[in-house]
Every structure is written in C-alpha cells, then in structure tokens.
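Each structure below is given as structure tokens.
In the two complexes that follow, chain A is the common piece, with chain B as its partner first and chain C second.
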Partner chain A sequence: MRKIAIVKVMIFFLIASLSVNAQEKQPVEKLLGAEDLKIFATNALQKTKELTKYISTITDKGIKDNEIKLEATDLAVELFVSEDNVVEVSNANRSEVIGYKIREYLNKIRVLAFTKVEITFYDVQYISEFKKGPDGKYYGVITFFQKFEGYKEGKLVYKDVTQKNIEVVIDKVTTMYGSKKVERWNVLLGNITVKETK
Partner chain B sequence: MSDSIKLYKCYKGTCSKCLNEEDPYITEDEYKELLDADGKVQCPEGHLDCGIQELKPEDYPKPPKDNKKLFIIGGGILIVVLLIAGVVFMFSGKSKYDKAASSMKSVGNAVEVIKDSLDKPNTPDSKAADNNPIRQEVASGNKDQSMPIAKPKVEEKEGGIDKSASDILTASSLENGLQKIGDTKYSLSQRKALLPKVLSKFENSTVMVTVSMNNNKFEYFTVDKYLNRILIQGIKNISVKNETKNNAGLVNELSVNE
Partner chain C sequence: MNTKYFLAVLLIFLVHKSYCQIELSSEFEKNKLVGKAESAVKFFQSTLTSLGSNSFNYDQKQSLILDLIKNTFENEKVRILNDIESQGSEDYSIDVYLRNILVWFPPPKEVSFNYKIEKISDVYISDDHTFSFIKVEVSRGIDGINNDNTKISKSIKIDVYVKFGIIDGQIKTTSRGRIYSITKHTENIAFKVVPITKEGNETPVTEAIKPIPVIEPTGFEAYTLACTKLNCRTVNFKNEDDLYLYFKSPNAGYLTAFLDDGKNCFKLLPYSLDTLTTNTGMPVEALKEYILFSTEPQFNYNANKFFVEDSYQLVAETKKDINHLFVIYSKYPLNRIDVRNNADIKILSEAETKKGYTIPQTLSSSAFKNWMNNNINSAKGLILKDIEITIQK
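Presenting the complex of A and B:
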C-alpha cells in the first residue's frame, strides 16, 4: 500500500515536471493561421511606420542631440532581418539607383548636406499578401511613397517623390532577453527597393 | 568755510563775468589782483561803477550735499534693521513660519493630486487626446492610407527657463513614468532626462518588456531599448498590463499595451 502511494507521488511529480518543461519551451507553431497572418500584417505596417519615424528623427536638423539620432539608428536597424539588408536610393537628376546597407544608409541621411530635411511618408500599404516560402518563412511586400525635400538657407534646393517597396518577412526567431529565452514568430523588414522616382 | 577765505561777487546785472552761473564768485586772490595802488577795484568788465563786493555770510555758496555718503549710511542702517527683523522673526515668529510651510506643503500636495488625476490613462479625455495617426490606423486595422510623419516636437529650448521641468520629474508610478517619456508636450531633452529615473525601477537594463497593440503581441524589447523607442516615437498611450517584481521591489518583467 505504502509502495503504491510512493509510486503515485513519483508519477505526479514526473507529469508535473514534463508539463512545466513544455510550458517553458512553448514550441512555435509550424504554420501560421489566417488570423495570425492578419495580426502580423498589421504589425509589419506598424514597423514600417516606426521605420519612417526613426528616419524622420535621424534627418531632423532641429534635433542637436546626436545620441538620440544614433539610438534611432540602432532601433531602426533592429526592425530589419539583418544589417545586410539593402536600401536603394534614387535621385531625380540621375537614372542610376544605388544600394546601401541599412546602417550605412541611415548614417548617410543623418549627415546630408542640407540645412533642413523634410521626409514625408504616405500611402503605406500592402501590395502583396503574405505567402509561405519553401524555407518555411512568410513573405509579403509593403509599398509606400517618400517625399524628400532638402533645404539650404531656407530655400528648397532638392525635391523628389519616390515609390519604394519593402520586403516583409515573418520568421521564427529565438531571442534572449536577460535570462529569458523567447522563441516566436516575428515580423521583420527586408530590402527596400526603388520602384519609381519623380 | 574758513574765515581766512573771502569770496566776492558782482551784484550788477550787466556784468557778464560775474553772471557766469557755473562760477560766479571771485576769490580773494583774484579780487586783490583787481585792486589798484589806491585800493580801488578795477572792474574786469571796464565798468565805471563796478559792482564787485565781498559776499555777505548768508550769500556764501552752500556746500553740495554728499549723496554718496548719505546713500552708504542709509543702506547700512537698512541692512542693520533687516538683520534685526530677521533675528526677531527667527526666534519669536517660528510658529508662523511653520504654519506658512505647512500651507505650502498642502498646496503642493493638492497640485500633485490634480496632476496625477489628469495623467491617469484610459480616461475619456486621455483617449480623446490620442491623435497619433499611426496608432489610429493600426487600431482601425486599416490597410492603406496616407501617413504624414510628424517630426518629434521640441517645444522648449534647451537650457532655457522651463516650468514643466519639475513636473516631468514627479513621475510617480512606472506607468506614469513611461507615459511621460513618450509625451511630446515635453521637450525631447526633458523626456530623455527622465530615462534613468524610470530605468531605476527595473532590476537591470535587460529586463524584457512585452509590447502588445490592441492586446495582440507586437514585439519584445529589453527595457533600455523600449524606453528609447517610446522616447523617439513619442508613444504616450501606454498601460501596464502586468509587472512582476523581485524581492527588492524592482521590476524584472513587464507587459504593456499601447
């Protein structure tokens, strides 16, 4: 009788420990449902808009605190899949399109030779739904328009409007936050390409 | 004025020399030079009937008042009076002082209570005040639309006199602190100055913050990154969903909704 009680207690602790272990690991789903994709789609739009806000901060000549601009640069880079992601840059005065790595691009626009820079982003929207790739990740494309105005001594000296596309990737990521390990699906930005410049 | 010095003046209205207002007097030496061998005055103007006479005692010029001396003496007396009044106030009027201090404290507390009530989230006013186009778009689940990106506001010049500087440092709760960091009614430098104060409520700078939007998980950040994000993005509509603390009362996990 006593042996049976001991075995029962052991089984209880075994099941309990397995249950706790399972909760800690929380394996991410292999496939995302339609509802999940909808949430990620909203999150990707939000991240695109956060990127535009960081760019506005980085280029704002009224902000003299360089530390804030560098922090905005770091936060903007973290929105991307990796530092190797490329941003294409065009110019209304030339047909050539040049690609810069994301951090290099952000550093370039921080020190543009204008006394005032105004970058406005509008019509941020999806042009393609998320589709599952052969690597298990989900891919979509967001488009937006960027109006760039550069001033010198109060005079507008350069202006263009560019339509740009951003690749959006939903990927499984594992991140350590202090001692906490988090494995989850995350939506990240990819390469930014120039569609058209006027 | 010494008796050995005599002054003279012409009493004739036509004498231009002696009508000189700046220096109408003739000294004794000058007068002696005007006397001829007979002791008669030779009028410097050539008048036949010279009007130069020795001044009567009542006509002697009065010495100018020494205003500087008066000012110093007066100032000295005033300082002494003020010092005495101060000593009397300190020793005999202590109860009045305490009363005044107590009144000031009460007013301060009342202001603090009103301020906190105004800062509370989720009130109809605070919801109405949320004009952030990004948040509105996401909340409505929208898929399109134009999005003018507002530049972060910098209303107050750095280094200038700034009444709200003391206000922002009174961030009492964690939620209140987070909201103030993202509140663009304060200048960027003011909000940045609040970061260490809010960060000190956490166990360390790598504490995880889970951010949800409309109660859907959005992103995870370390707390230092999260604070910089709300600072730069100007996100003020933040409510704390859950926070866990260690034995020292410092937050070691935080979930917020934006």
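Presenting the complex of A and C:
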C-alpha cells in the first residue's frame, strides 16, 4: 500500500512538471514570431541610441570634467554583455579593419583629434533567427548603419557610413506593479563587426 | 482516516490563518506607514533635483547617488521608468537611471525635476504575503537640455511603490519604507488592502509595537558648550552665544533633547531634517564623543555626507534668562519604550499625529512637564538629564 502511494505521488509530480514545462515552452514558440523579432529589433535600436548618447558625452570636447566622460564610458560598457566584446573599426580611406575591446574603443574615441564627433546608428534590422541558449537567453544578430562625422573648428573634416553587424543577447527583466510581476525582454549588445564601409 | 482528515483540515486552517493574520492595529499605524512612504518619495525627488543642478560637483553627486540607493531603495537593481530620455529603454535600474542624469545633462547643462504627490494609497499586502506596500502617485515635470542639445520638457504621472517588510506575521512599522519599483501610472490594478482591526480605539505604539525587555542603562555624560571645543564647557551663556551639546555614553542607544525656555519647549534632537529618526531618537554609538548642533563636517554623524544639522544661538529676553536643556538617553528606540499614549494625554498636536510623530516637536512648558512625568520619568530604560543654563544680556 505504501509503495503504491509513493508511485501515485511520483506520477502526479511527473504530470505536474510536464504541464509546467509545457507552459514554459508556450511563450517560447510565440516568442519566435515576427512580432517578437520586431520588438527585439526595437529594443536593440533603443540600446544603440543609448550608446550614441553616451558616445556624445564621451566625445564632447566642451565637457571639461573627465570624470563624467569616464562615467559615460562605464555606462556604455554596461550596455554590452561583457568587457571582452569587440568593436570593429574601419576607415573610408583604408581597407583595414581593426578590432578593439569595447572600453578600449570608447577610450580611443574620447581622445580623437576632432573637436566634435557625431556617431549615429540607424536602420536597425534583425538578420538572423534568435536562438535560445542553454542559459535561457536568446541570441541573434542585427544589422545597422553607423554614420561617423568628425568636426574640426565647426567644419566637417571626416565622414563615413559603415554597415555593421551586432550580436545581441536578449534577457528578461522584471518590473513590479505593486505585487504583480511583469516580465519584459531586455537587449544586451555583443561584438560589433564591420560589414561594409562607404 | 479521521486523523488524516483532521490533519488536512488543521493544515488548511493554519495556512489560512497565516495568510489572514497580517493586519494593522490602528489608523495611526497606517498613517505612520503612509508618512514613511511619503518621506521616501520626497527624499528621492529632492536628490533628483540635486543631481540635475550645477550646485553640486561630480563627486558630491556620486555620494548623493550612493546615499539615496542605500537609504531609500530596496537595492541598486530596482527598475525605474525612463522619463528622462525619449529615445532610451523603457526602464532602467535605479543605479543606471541616476548615473544617466549625470552624463546626459553634463555641466553647464542642468535638468530640473518638479513633483507633486497626487495620491497615496492604502497599505496593501503582496499576493504571497511576504511584504506590504504603498503606491504613491506622483505628477512629475522634467525640464532641461540634454547632451544632444535637445530640450526635454515633459510632464508625466508615475507610480512609486514603497515596500515594508513583514516579520513574524507583522508589518514592520518601525523600519523605513524602501522604494522597489517606479512605473508609469497605471489605474485599475486591484491590490489587497491590509485591514485595520481596532480603528478608533487605538493606543499608538503600545498596541502596535510590542514593548521589549528593558535593560537599565548605566548613565551618560552630557554638558553644554559655547563653542565646539571642550574647554568651552559652560552653563552660563551670554546673549547671542552659540549653543552646543557634548554627549558620550557607555552604551549605544538613542538620544533626544528638548530646550525649555519656561514658556515653551522645543525639540532639538533628533535634528529636524533627519526624518528617519524622528520617532526613535538620534542613534548614538557606545563611547563615541558627540558634539551636537554644529554644522561643521567633522560633527556630521548622519549617513548622508551632505546632511545639514540644526544650529542654535541663545537669545536672552530678560536680563538673565533661565532655560533647561533636557537630554534623554534611551537604550532602545524611543518609540519602542515610550509606551504611553501621547495622543491621549494631548501632547501631540493634530498635525504631529497626522504626520505620524510619536515624540512631540514643540509644546508648552507645562505640557512638556506633564509628558515627562507621565512618560519619561516613569519609563524604564531611559535616563533624563536636566541641564539648567542661564543667558545673560
């Protein structure tokens, strides 16, 4: 009698866990729909715009307090999965592509010889299916265009447009409305590679 | 079978009881929590104002951020609605949100935050009964020019959620409220209201907080000074002399002080801006020397680096005034020892009661003596020192 009871309990938990797994999987199927990919691209665009804003502060020669620029660098690095992420840099005047770790890249643009630098990202689109990693996060690649404009004494002296790919990682963040939890997707940036420079 | 059935019923009953027993014992307790939630929101808003202003340098702003997160937020990962930049993410962690203010509005740019508390909710209980919370609805205006030279000017309504812990089935009414979420204003979310069990007949403090076993403190050293040096010790002051208080105790505890000029009595400690210790007394460490009523940085004992103390200058109305400085040391937070009902003996004004004060802020000398006789002199765990001072014209 005792054994039967245990088996019954085990069957119950097995069924319960299967049903929980099924519930967990349901949103995953939905997640891979075109609407979700659009949301990911929008989130990725938001992150690239945030990166642009940090870069504005980092490259602003009018800001004399270096601490603020270093703070902006820290915040920009926090947009990435890790400090080890690489940003590839190209130049319209040479074919060579050089890769810098994200902090190194930001430090480099902080001390560029321009009096003003404007870096903008646009036309952000996803180009690959997002795949779920073993850590429960989603991984994919998006493409965007980067416009770089360097000014000296108010005059535009250098400009290029580069098409770049960026790896993105999508994780969940939870917002509390009182005691109700609302989960949303949050995009973290990964390696940025050069596709083409004009 | 009967035993099993009984155990099952008992289990259901116990689970049900543990879920039902969270309640507030009085309207007064509720008001106290509401006051704490309001203070948390005000502290947050005032820090935003400082972060957006050029009156503080970068290092000071960093200290303000650390101080705010440590004292007012649940942790640095609390999600907060992005209302400072239209292009960014929907929300940020509080840590990133505050740092963004520094880097997106770098000097000489500034950003101002105006706010108005529109509504403060009842005290709610979370679905899993692990914490209680209050929703504060705030109208906020933001005005500034960011690092892209874009003018940011908007009004938004936000909901600030302030959390209070639950320990042993009771809401911790003595602890500070912690902000754990800030979202865009949302109507029509139904939350469970914490019931008030004894409305109208409450005896604040006694019913709400269990008195704790009292250990008699051994004594303390306190004397008045006319300057912040110890050789300025005096009880005979001249007109317009500064007043300072030296304090040292062998035990850690809580300090309260009043000045009685013969007509009225004024609370001098805890400091008026230290809203977190209003009802407990100012926390003091064992064997630490305190010089009080000085605004010099070395005599700032507050966690907030930029805290501003109350300072006093003595003024004589007659040729020779006699005042009394009452220094009260308590081994435990005063609101846990002071077990009398201050509202009943008419010590607290209506405004003070409404704000959740349990220690009177200002009152007539006779009312103060009544309060002392009823509460302080008879309470265990308290030591009162009466320092008579003179002020000569």
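The definition used in the following text is that the second predicted complex is superposed on the first by the 129 of 198 C-alpha atoms of A that agree within 3 Å, B and C clash if a C-alpha of one lies under 4 Å from a C-alpha of the other, contacts with A are read in each partner's own complex, and residues count from 1 in each chain.
Operating definition for what follows: contacts are C-beta pairs under 8 Å (C-beta built on N, C-alpha and C of every residue); 3 or more make two chains touch, one makes a residue touch a chain.
Quantities reported herein were computed from a predicted structural model and do not represent experimental measurements.
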Contacts of A:N107 with chain B and chain C, given as first, second, both or neither: neither
Contacts of A:T174 with chain B and chain C, given as first, second, both or neither: second
Which superposed partner A:D123 touches (first chain B, second chain C, both, neither): first
First, second, both or neither for A:N191, with chain B first and chain C second: neither
Chain B versus chain C as contact partner of A:T143, first or second or both or neither: neither
Superposed model, chain A: greater residue contact from chain B or chain C: B
Common ground on chain A, meaning residues reached by chain C in one complex and by chain B in the other: 43, 46, 49-50, 53-54, 56-57, 60, 63, 65, 68, 71-72, 74-75, 78, 175, 177-178, 180, 184, 186
Contact set on chain A toward chain B in their complex: 39, 42-43, 45-46, 49-50, 52-54, 56-57, 60, 62-65, 68, 71-72, 74-75, 78, 119-126, 175, 177-178, 180, 182, 184, 186
Complex contact set, residues of chain B against chain A: 134, 137-138, 141, 143-152, 154, 158, 188-189, 192, 204, 206-208, 213, 216-222, 225, 228-229, 231-234, 253
In the complex, chain A residues that touch chain C: 43, 46-47, 49-50, 53-54, 56-57, 60, 63, 65, 67-68, 71-72, 74-75, 78, 173-180, 184, 186
Contacting residues of chain C [partner chain A, same complex]: 58-59, 79, 85, 87-91, 96, 99-100, 102-104, 106-107, 124-128, 131, 133, 135, 146-148, 159, 161, 180-181, 183, 186, 189, 191
